[in-house]
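You will see two complexes here that share chain A, one where it goes with chain B and one where it goes with chain C.
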Partner chain A sequence: MKRPPFWRNIRVIRAALQIVAVAVVVGAFLYLGNNLRNELVAKGLPTDFSFLSQPTGVNIADSDFDPASPVWRALLVGIKNTFLLVIVGIPFLTILGTLIGVARLSTNWLVAKAAMVYVETLRNIPPLLIILFVFNAVILQLPPPRDPSTPLDWFVISNLKITGPGFAASSGAGALLAIALFAVLAAVIVGIWRTKYSETTGHHSHRVLWSLGVFVAIVLVGYFLTGRPVSMSFPDLDGRVITGGFGGLGSYFAVLIALVMYTASHVAEIVRGSIQAVPKGQTEAANAIALSGFQRLRYVILPQAFRIALPPIINQYLNFAKNTSLAIAIGFTEITLITFQAIGNGYPAPQLILLLMGAYLLFSLTISLLVNILNRRLQLVGN
Partner chain B sequence: MQEETPLKRLAILLLALGLVLAACDSGSDDTTTTAAAAGGDETTTTAAAAAGGSMLQTVQDRGTLNCGVNDAVPGFGYTDADGNFSGFDVDYCRAVAAAVLGDANAVTFRPLTAQQRFTALQSGEIDVLIRNTTFTSSRDGREGATFLTTTFYDGQGMMVYAEDGITSIDDMANLSVCVLSGTTTELNLAARFGDTPYTPLTFDANDQLQAAFVAGQCDGWTSDKSQLAGVRSNFPESEGGPEALVILDETFSKEPLGPVVTDGDTQWAQVVNWVVLATITAEEWDLTSANVASYDGDDAGIRRFLGLEIQTDEGATTFDPGLGLPTDFATQVISQVGNYGEIFDRNVGPDTALGLSRGVNALWTDGGLLYSPPYR
Partner chain C sequence: MKKNLFSNWYNSLLTVVFGAFILWVVYSLVKYLIGVDTEIIRVNLRLYMTGRFPSEQLARLWGAIYVATATVALFARATVRNAQMKATEAGLDFERSHWTDVVRRFWPIGALILFTLSFTQTITPTLLTLVAAAIGLAAYWLGGMMPKWLIHRSWIIVVAGLVGFYAVLVGFGGVGWDLWQGFFVNIVITVAGISLAFPLGLMLALGRRSTLPAVRVLSVTYIEFLRGVPMITLLLMGAFALGFLIPGDFQFSLFLRLLIAITLFQSAYIAEVVRGGLQSVPKGQIEAAQSVGLSPWKTMRLVVLPQALRNVIPAMVGQFISLFKDTTLVFIVGLLDLLRAVQISTAQPEFFAQGLEAVVLPFAALYFWVGSFVMSRESRRLEKKLGVGVR
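For the complex of A and B:
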């Protein structure tokens, strides 16, 4: 029998179509990039990235950034500030979202309705408005920096900056940090050993207690060996200068609170849907073996619901990271503000926007990479 | 088999990004060849249009002028509740339209933020930018912009609350200062404070900045003094009104503000430039919107300027300096908008809420900086 010609081979057709698709996309990018470049050259505008090493000429709030430092350093400060929003925001929005999602399914009418009102209000308001509201109606209503409030002498609170107790490190703190990292490693090893012990003997493992105990013991010994290099530090107010303590700008807290509340309303809906997606038989089985309400959630429902919820929650994490760009409206110096500031101060817009896109891409891909690793570990075997 | 890991996705996206960067970054020699190959005709024609044809013809064909303005600085560029634009800069947009199109109202105003303005000019979204924009060397060089005759000589100042008792910027160590982001004022602020610690709070719009200032988040508000005067005059009575605020005497920068056009179009630059110069020339000759239409004197200079008939040995003629403008453009500008003094007094002068005096913005004959080359 004669074989059909190769161009009718389905595998050849598929491969060819993919090559064409890639060529079209790459061609489009090349065309647009060239077009941009030609227009810039025609207008006598720079097309290179040498501006990155030029001086910025501005100060940045709440950092020791020097106006003589180059543009790339300013961009790094912006990335750091965006990172501080993301790294603090994601745990908070996850916890708040889970609590509200569970509350929506509560048999207590008041709790369920309150959670419903929270979700339906916040997720239907644009995040920019929530940020403006929190900034203007909450943060700016705090006392001005010329007359801050100092509750308990532990905090210095003004609408410019909120400072609370923190840690102060002296020499030897680096050694303690190394010891702490070693302690984490030791705790993990002990945890694995206790798990194996439990699996072979059938005795209860108490692995959390064991791991914590090992960690605390090592860190405590290290703390005294290195000569107590870390101590509590309380903010101290001298005129307008705050020394010691740990804090952030009012605008930072405004963005953080607003976006955590907004994103948590979306996470709550995902959590609620995922809990409802766990087969009802699981709840009935948990009831049948006389688990309490908390135990049912902790050991039966949430572990299964979490597996369903994780992929859509990644999207909310990504949205959170991208929505931090709205902080420009209230003057928090995250990466978008720093980029637009540089554009306004005469540095080329196309290149800076490209770098800005790269920065958000980096944030999004890192989040999605980390959560996907977690997701793969949680997948059921055989899936 | 077709598992798409994030790592793979990362690799693909970085590759794509890299391609764009490579396209932007490739040497200028091979650009022309690749453009011919990949870009085709369109690229070359748009470039030719930008370089060859004048904006003057484009504007006259279109019938309206696209003018980039401010919409949040009282006295200079401001929109009222009905969406009407008014202000010193806005009047200069109208003057250009009166000269080029014969109609001061044939203007489409494009309100722009400080950060958007040069991109809007570069991309051709606006024909001329008249938005309290400071003339600096790096803007002239890096933004592809041509700065024309300064319409307002300004300087940067600092506004504080009267009750704080601040008398000099040297008293402001460790205090916080609100400033608009992406402006020359931001750079001057950093230079003025030098090694003195302070907290700059940068906003991208004046209304949110004002909210922060009212709440006491910042102790000082720095900007061009004329803008500060506008803000002070409009300061809400509920917050103490204008008397609650003091603008410090110190002026710590030069801020020459004027119209800006894009590089590479000399004819259009000359046109906009001579519209500004015409308003100054008119004030030198005491020509106002009230008397310009009825001028029937025989001063040859004024008759040349207004495009009136001049008797020569070979009969009557009108003077055309060859700028590409109608010979009576100055008459149109002055009758429809006014001379420099009228524009100043109407928007920012002593009888307005801003109450600015002419200061250095007076004619050179009065000891100011306004000086127009002769129109002949």
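For the complex of A and C:
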């Protein structure tokens, strides 16, 4: 068979197309990058990342952040604040969303309708609006910082900051932390051992009780051995300054409550859809072997529903993490607002925005990775 | 249904607790609504709807609304007639939907228009709205006389409508898009964003499925990068960093820069939606097309894409709704949309510090809620009609 001429040879065409595609993209990047560099130089801005060690000039509430600290430190504070939103929000929204999703399918007409109203209301409103509303109508209604309310003497509540009892660490707390981590490891090992035991002998594993017991025992022993380095600390109002205790800014709680409620409404729809997607035969089979309603949910329906629901729920977690950027509207100093303020202070925007995007990509990839591991373990064999 | 309220003890407990809670909510709501002072809305309605659109040019805005209404009515009529012709050609029965069905589907929008008009201070907007309704009906009736070639190419109507809309607003010394503000800009950004992002997203989805590794890697990188960052970072990029990519002092308008950023962002999500659609077309279709001798491009255009796009209409509507809600973010970079308008209205000296956010924020929420609710109901109706996901 004669080979076709090279301009009709499919292998050549494919290679040529790819080279052209890559050349176009690379060329565009080089051209735009060159423009970027020239414009930055023309405006007297640095073209690399050296500005990160310059003083920030940004004030961050609720922390002893010195405006003279370098920019990279400010960015780290922002990442910490975003992380605090994400790590607290995700468990809450999962629980709330699951409860409402199950309530939507309740046989009690009132409960089902109430859940439906909740979902249909919150799902169709922009999250930014919910944040603004919660901030204005809830948080700002709390007493002003110079005259906060102090219920039970345990809490100090104002519209600036909400503080409650917390832990104060003294020397030896580091050792206690190390012991706690060791205790977690031991608990996991005990859990695996009990599972194996249950598999080989068929007895109940009671692995949750065993793991928890091991963890608590080791931590308690360690606590006393290191000389009780952790104690309860209550917020103490000293004029306008609050010392001790553990709390968060009013704006933090506004964003948290608003986004948890918003994302939970989406999760509720996902949970409802996934429970309804479990084939009806499963319910009938469970009834045929006389499982109670609760047993049916726990052993038959929910495990299968969970497998279906997990990928869309991952998406909602990612949306939650990305929506924390809306906190910029009420001045909560998470990473987006700090970037915004740094740009306002004259630092180069392209580099800062690149770093900002990188930070969110990191959050997204981490959440994605963690939940995908779970997803892979749940997947049906052969899928 | 209602018999389950007290069927056993925990149902009764739930009913009592929830009932009390709901009664409390309704009571507070009614008390709030009776006492609410809507003066701020009455005074600022034009600010909310159109921002700082020059008032002497409002005739252009109404003209553009008339163009849009006529386009929608003509397009609807063309679609109906198209379906009718196809049905009679195939010898099938054609079921005409009654106008009461349309009312049932879209009554929230009608209610919202009436609600808005109730806050106007003169009779003029009401009259102008009636004119718009008349134009819509007239256009629908005129659509009955459209030639056949136009019905088969009904996209011409849409394109002509868009051009006309833009021309009426901007042409001959009109109002440039920097002054398109208020709820108007929310709607414009949504429609423009999705329309511009759609071709780009389609190309990316095809690129992601390409057999050329370089093209696939580039597409995947683009899609995953843009889906991993929040939209606000792209808006910040549009507002602050895009200017650095253009040599010299030439500065795009803010509206255009934000539109570019939103288009890029939405194209990644639309690419994923279209990818789902492409995956839903059975492989046998492609094999059948190949056996008839269609080239890859013709296969895509005549066999795969029509089926794929029809399958993902519900997901596309979902993306549309999502963009509609996300247009509120533009206020952070300085574009005056509905949310920003209601916020600055509470900062005006005569309305300052009266806690009126609790009045205007739900007002703004209503607009987004009605739009999203109607669209999601339409999407569910389409899902049922197309039989998506039914086993």
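We take it that the second predicted complex is superposed on the first by the 340 of 383 C-alpha atoms of A that agree within 3 Å, B and C clash if a C-alpha of one lies under 4 Å from a C-alpha of the other, contacts with A are read in each partner's own complex, and residues count from 1 in each chain.
Just so it is clear, contacts are C-beta pairs under 8 Å (C-beta built on N, C-alpha and C of every residue); 3 or more make two chains touch, one makes a residue touch a chain.
Here the structure is a predicted model, which is why all the values come from computation and not from measurement.
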Contacts of A:350 with chain B and chain C, given as first, second, both or neither: both
Touching partner for A:331 - first (chain B), second (chain C), both, neither: first
First, second, both or neither for A:21, with chain B first and chain C second: second
First, second, both or neither for A:250, with chain B first and chain C second: first
First (chain B), second (chain C), both or neither touched by A:179: neither
Chain B versus chain C as contact partner of A:110, first or second or both or neither: second
Chain B versus chain C as contact partner of A:128, first or second or both or neither: second
Partner chain in contact with A:29 - chain B first, chain C second, else both or neither: first
Contacts of A:38 with chain B and chain C, given as first, second, both or neither: both
On chain A, the residue positions that both chain B and chain C contact, one per complex: 25, 32, 35-36, 38-39, 132, 136, 328-329, 340, 343, 349-350, 357, 361, 365
Residues of chain C defined as touching chain A within the complex: 1-2, 4-5, 7, 11, 14-15, 18-19, 21-22, 211-215, 218, 225, 227-233, 236-237, 240-241, 243-247, 321, 325-326, 328-329, 331-332, 339, 343, 357-358, 361-362, 364-365, 368-369, 371-373, 376
Residues of chain A touching chain B in the complex: 25-27, 29-39, 41-49, 57-62, 67, 132, 136, 140-141, 144-147, 159-160, 239-241, 250-251, 328-331, 333, 337, 340-341, 343-351, 354, 357-358, 361, 365, 368-369, 372
Chain A-facing residues of chain B, complex: 5-7, 9-10, 13, 16-17, 19-26, 28, 31, 34-35, 38-39, 42-43, 46-47, 50-51, 114-115, 118-119, 122, 136, 138-139, 142-144, 164, 174-176, 181-183, 186-187, 189-191, 193, 198-205, 208-209, 211-212, 215-219, 262-264
Residues on chain A engaged by chain C in the complex (per definition of touch): 14, 17-19, 21-22, 25, 32, 35-36, 38-40, 106-111, 114, 120-121, 123-129, 132-133, 136-137, 318, 322-323, 325-326, 328-329, 336, 339-340, 343, 349-350, 353, 356-357, 360-361, 364-365
